[in-house]
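Shared between the two complexes below is chain A, which has chain B as its partner in the first and chain C in the second.
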Partner chain A sequence: MSAEADRPAVAPVATGQPRSGLLDLAIRYGFLALLLGLVLFFSVFAEGFSGPRSAVFIFQSVAITGILALGVTCTLVVGGFDLSIGSVATSAMMLSAYVMVVLEMGAGAAIVACLLMGALIGVVNGLLIVKFKVPDLLATLGMMFLLVGLQRIPTEGRSISTGMTMPSGETANGVFSPFFLAMGRHRFDVVLDNLVPISVVFLIVIGILVWCFLELTRHGRLMYAVGSNERAAALTGTNVNGYKVLAYVISGVLASVGGMLLAARLGRGDIASGTNLLLDAVAAALIGFAVLGAAKPNAFGTAMGALFVGILLQGLTMMNAPYYTQDFIKGAVLVVALVFTFALSARRAGGDG
Partner chain B sequence: MNTTRRTALAMVAGLALAGTGTGAAAQDMPAPFDNPSEVRIALVRYLSTGDFFQAYLSGVERQAEALGVDLRVFDSRQDAALQADMVDQAIALGVDGIVIQHGLTESMREAAQRAVDAGIKVVAFDVNVENEAIPQIEQSDFLLGKLALEQAIEDNGDSWDAGYVYVPGIAPLDRRHAAWEEIKAANPGIREVAQMGTLDNPIANSNANQARSVLQANQTISVFFAPYNEFAKGVKIAVDEAGLNQDVSIYSADVSTADIAAMREPDSAWKATVATNPAVVGEVSVRALAIMLAGGDPGAQVIVPPTLITQDFLNENDITNMEDLSAKMPQFAHADVAMTDWMPLPPR
Partner chain C sequence: MDRSFCRIRGLTKAFGDTLVLRGLSLDLPAGQVTALMGANGAGKSTLVKILSGVYSRDGGRIEFGEQDFAPAGPAEAIRAGIVTVHQSINDGVIPDLDVASNLMIDRLAETDYGFFLKRKGLQRAAREVAAAMGIDVDVRRPVSELGVADRQLIAIARAMAHAPRLLILDEPTSSLSAAEAERLFGLIERLKAQGVGVLYISHRMSDIRRIADRIVSMRDGEISGVFEGAPLDYEGAVTAMLGHGLTEADLTPVAPGRPIAEMARIALRPGAAPFDLTLRSNEVVAVTGLLGSGKTALARTFFGLHRPAAGEMRIDGTPFAPEGPAAAIRGGVFMSAKDRASNAVVADFDIARNMSVPFLGAFSALSFISRSRERASAQDLIGALDIVCRSDRDGILTLSGGNQQKVMLARWLSRSCRLLVLDEPFQGVDIRSRRDIGAKVRGTARGRATLVCVAELDEAFEIADRILVMHDHSVTAEFRNSDIDVGAVLAAVTGPGARAA
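After this line comes the complex of A and B, so read on.
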């Protein structure tokens, strides 16, 4: 909020000093330039990288973490943090599989159950934080462990798939409904036949919705206000607690959407802690701080951050880089992005003063 | 010998007769099994959570029950120091035999020696305790990889471009990797054009993303060797998404009910997998221990052979889950190792 307010004041100073203007340019567009450079690099050196199909599966590879990252962005906006999103996603995956395979109900029931679960977890997280004053990291950490355990209780730690033997000795005969599976597998014809999978459409639509909500609506602006100065926001009559709970509900619901897409892609309920989903999503949101020199959580940055990681990983895989170099590079990108955000932005702010 | 054959036959047919066979055999068992309820054995575990370990335990329990011995289970839940303490606990309890299931060489070596010194018979599954008095029970990961690759060669000839999924540093994957190296060396026509792999969970999803890139970058790949079922599941998702399921064949290791369904989908790219039944490994562990208790020698290494499971076999026999597979594939339900003519088998 404050960085935003400072910006008009910066402009005259920047025009007076070319070096600072260059810095400003680097902060604003450096990351996007890096992204473009990366695309060019891989297009030249990685065979098969350029083309609509590659573009689509890069989007697809980041769709689920991207959706989770948009959720965590909302909690970052109100000055919070949601560590439970990974386990919310895997719990939604298990829940949807349980509803369809074990309870033998349809896709509608599975989707409603997952969305309700996501919202409920969001409400509980929010209430723990605003009513019981548990610090956000600790509340959502507790929720993460709770969910990792809870999702395994109904099947005694087994993965869920059609034909599985239940703890009672019975066989589960339900199947994933074709409609539900289509969420992970159906493709729309755009330019080429069967090009764009639904998960990518989900990512783009959710990305636009979250961006509009945060940037264009009064509620979104107030959420930023809560995040930047809670007391000031409260004194102007903002329902601080309400907005905080709302942020966790958005986060929980988006995580459960991610979990459903995961279940639809895998076609079964997989035992997984979701830690990697959490870490990748958080990394995308943090990298997003650096995009356009925002130095704050923002939906466009998050989407670009997710895409950046996706392009890097898919490009490296195409060039046959082993898995540990990928973790290394992911870490390096995050560190560089954080330097962009904190050091350079701080220097810019310092230059003003 | 006759009894064994009959028992085996009964089992193969999946008849309840096996139960009566067990009863008959129990009378002929050598000491100390002439009075089996007096025999106490302990299972000391390092790893226990997950489908594999659950199935292993059920095999141990079933074979112990068939012998009629008293089984105690000690579960250290991945605590190496506690596992060593539990061996001492078992010694103090005065058990006759111990099965050590997984663990670390460093922490178990001395504890295992103490048990041997106390006159207790010990066998170890998948952990090397560096002790000549202790037989090693193993599932052969090398054979697991090799059988899958031999099937790949049978289906596709000996000249193809391959994608390979591997994460170094995981012991069973390293042993399966040795089979891949050997097959590549023996067949110069087989080219590994891409290697990928990750254990980020959900493993299938992460590997699907990688395999999608690999398939895009290397359009000549006609065979994917993914020697772990989660890897294979991920590659299959990528192959389906790329619409290449008629052009790429996947060969893997391990099997589960979900894998059987994936292999049986129409036009599935997943052509074959090779697996050892963990329950059978559990049974073999107890049988090897029983042979030692009766004064015999099961050999320094007891290897449980893996079974090749092809898509065609699953389709021809309409197999939908692990139970069907055990029923239709006797070698998957029973391994003929660590057997004697008096050994009773669990009913099936």
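After this line comes the complex of A and C, so read on.
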């Protein structure tokens, strides 16, 4: 063909695009490097930041948020979203207080009641979504409002604590069982006396369980398949609706665990607590997308995301940054992480379609 | 020189370390239809995306109408007169809007349109465009209510509204029936007469014979052959594209074994003529027919996704009425669905994970997956099906269409089954992969029944021992695939015919 004649020497390839190796590295380890850098920075500039007590404090501050975030992660994996976790947690806090203080029952009853409530709410959320086809955001938003109201009805909007006056005029004489309070307050002696609070142990154990479930079992794998391509998953015989409901049940149960830990730490059913839980948990789960370049919800990333926010806030607090900068910083971190996830990872995947 | 003359010289493009276009040079004359053929991975889609402004080139020159052509984006390419209809239909239409808005959307996007919609004017203009294209639908209907064929025609009509000087069509007939394709060809001929250049990407021999003035073969990022002058040397073009000769689909029909899947007096939908169907062990049966003839309904019936209006099914003699895919799989019926991007590919998964989805239980103990066993199985299948990839851990979307389809087939070949149903397994697959897939399906067919739904007759001839033709949701003709009378099959496809022997 004639065109071959005036063909120029083959132009240099990949001009000015040194991206593949370096960019790949940045996407994979950028966030962990940032985390490490943050720790080093605060260790140098924030007095008292480095040390086991400070580390444990950070863990403790993110424990409840982290547990909730792991639940949200499960719903994100199946392509859903659970906006009700914050109110599930506060409902569990109120319910456990109500069972012990007003009904004067033991810790066991309170724990069982809370777990059942979390699972039940998960089932209802799941059924609203898979059977009644309500979009996930709307179904769980509705559930959120419903629970915020419901948890205040029995006490007519009052916080629950021993000695409170009930709407009927009687005094509630029950007390928080010591065992229950220990869930929020007990500390194990590790190297130092009273070092590791039990909530941190909860976070680590639940984190490992959720990670194993999502990464190592076939149920976790199929949940990812449902989230990535629901129709393809259904056409391989996967019980798509079942896995979706399961994700919301996990989310509900973990949120109620978080709520119980909150109740145990406070020692009362405080209606003003837990307002930040939802947004902090969602932020941690979304930041988790950026960890190791996963670009998808994952348990390890979620834990790192929660830790990242915890370290940042603790460090800033110790450097005497005013409290109102905290939300701003969280928002900034989230936006940067999302850019990491969606812009950079997407570019890496670019190629000849 | 004509304004529409497009000259490409020494075009290069690389993704990472992979050189996709290696100094490609090509002329696209005005008023001619240039058919472009190339196996997947040859760089066809990269070439199209550079011409349509989606990618920028790394090196080389493109002259369009004697001017240097380097579009900053798709909009600029369209303004310059290069208009592309991409293969994926849904890229070309917005389902939630009505037909009129879809046809005129580019007009709406222009800055001088004004703030408010002028509904009446929009609909009138849309009706004109639709009439010119021979699209016979109410322009007020939402596109989501239309079938695939109408959507495809609307996407093409949209392209026409730009008054292209070079029109690029990427596998435009893949979802059109013969009559609809003929409408498209008529339109292409009119454009040709107006001096518009057409770059027509297709592997369909019938399309190319019907419409092309010249054939250009692409291989490994370069032009490997240009064929002009009547009659067009199709064989030569395929040889240039593959790098080796066209092996005849010399198919020896196998001796069918005992019946495996049976349908008795099945009516696929109320009012459809009931039919009987027996699929035997060892044999591959192809089902063909026009779009909407019920091929997919038949496939879905076996997989428990469609409940027939009447009749019963048996597998190995026992009644079979699966409630859904899970039950069908338990009963020994596997199905690879058509339209792999939306029905089969799990985009977030790598090759190994995509293969194992239906049979994870086989790779796990106490629900824990053995990744090493999963990967070993995937590596075996990659070897068996000649899947071109770096490793079983490659993301599925890094593969070419043909290789993605092989992974989808491997998913269902990893376990043995009684009946394997393949719905459109050659959709968006290049010729070489198509041959590989056909050979693999036939090579593994022993001991099971295989049902393959295909839109194209030559695909049926390549793979089947027996060919069934469907019309109006019923099987209307049946042929043995040896010394077959192509004319008779065609007649059966286009109109209800007598059941031939």
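As a working rule, the second predicted complex is superposed on the first by the 328 of 353 C-alpha atoms of A that agree within 3 Å, B and C clash if a C-alpha of one lies under 4 Å from a C-alpha of the other, contacts with A are read in each partner's own complex, and residues count from 1 in each chain.
Basically, a residue touches a chain if its C-beta (ideal position, glycine included) is under 8 Å from a C-beta of that chain, and two chains touch if they have at least 3 such contacts.
This is a predicted model, so every value here is computed, not measured.
After overlaying the two complexes on the shared chain, residue contacts for A:268 are found with chain B alone; chain C is out of touch. Looking at the shared chain after the overlay, A:46 reaches chain B, while chain C stays out of its contact range.
In the superposed model, A:325 makes contact with neither chain B nor chain C.
Of the two partner chains, chain C is the only one that A:238 touches; chain B does not reach it. Of the two partner chains, chain C is the only one touched by A:218; chain B is not. In the superposition on the C-alpha atoms of chain A, no part of chain A is touched by chain B in one complex and by chain C in the other.
Chain B meets chain A in the complex at residues 49-51, 54, 167, 194-206, 208-210, 212-214, 216-219, 233, 237, 240-241, 243, 256-258, 260-262, 320-323. The touching residues of chain C, counted against chain A in their complex, run 7-10, 12, 14-20, 22-23, 25-27, 41, 43, 45-46, 49, 58-61, 223, 226, 303, 305, 324-326, 328-329, 335, 337, 342-349, 353, 357-358, 360-361, 363-364, 367-369, 395, 397-398, 400, 411.
Taken together, the chain A residues at the contact with chain B in this complex read 46-49, 53-54, 57, 60-61, 64, 90, 93, 157-159, 161-165, 171, 185, 194, 197, 262, 265-268, 270, 272-276, 313-315, 317-320, 322-323, 326. Interface of chain A with chain C (complex): residues 1-4, 6-15, 20, 216-219, 221-222, 224-225, 227-229, 231-239, 296, 349-353.
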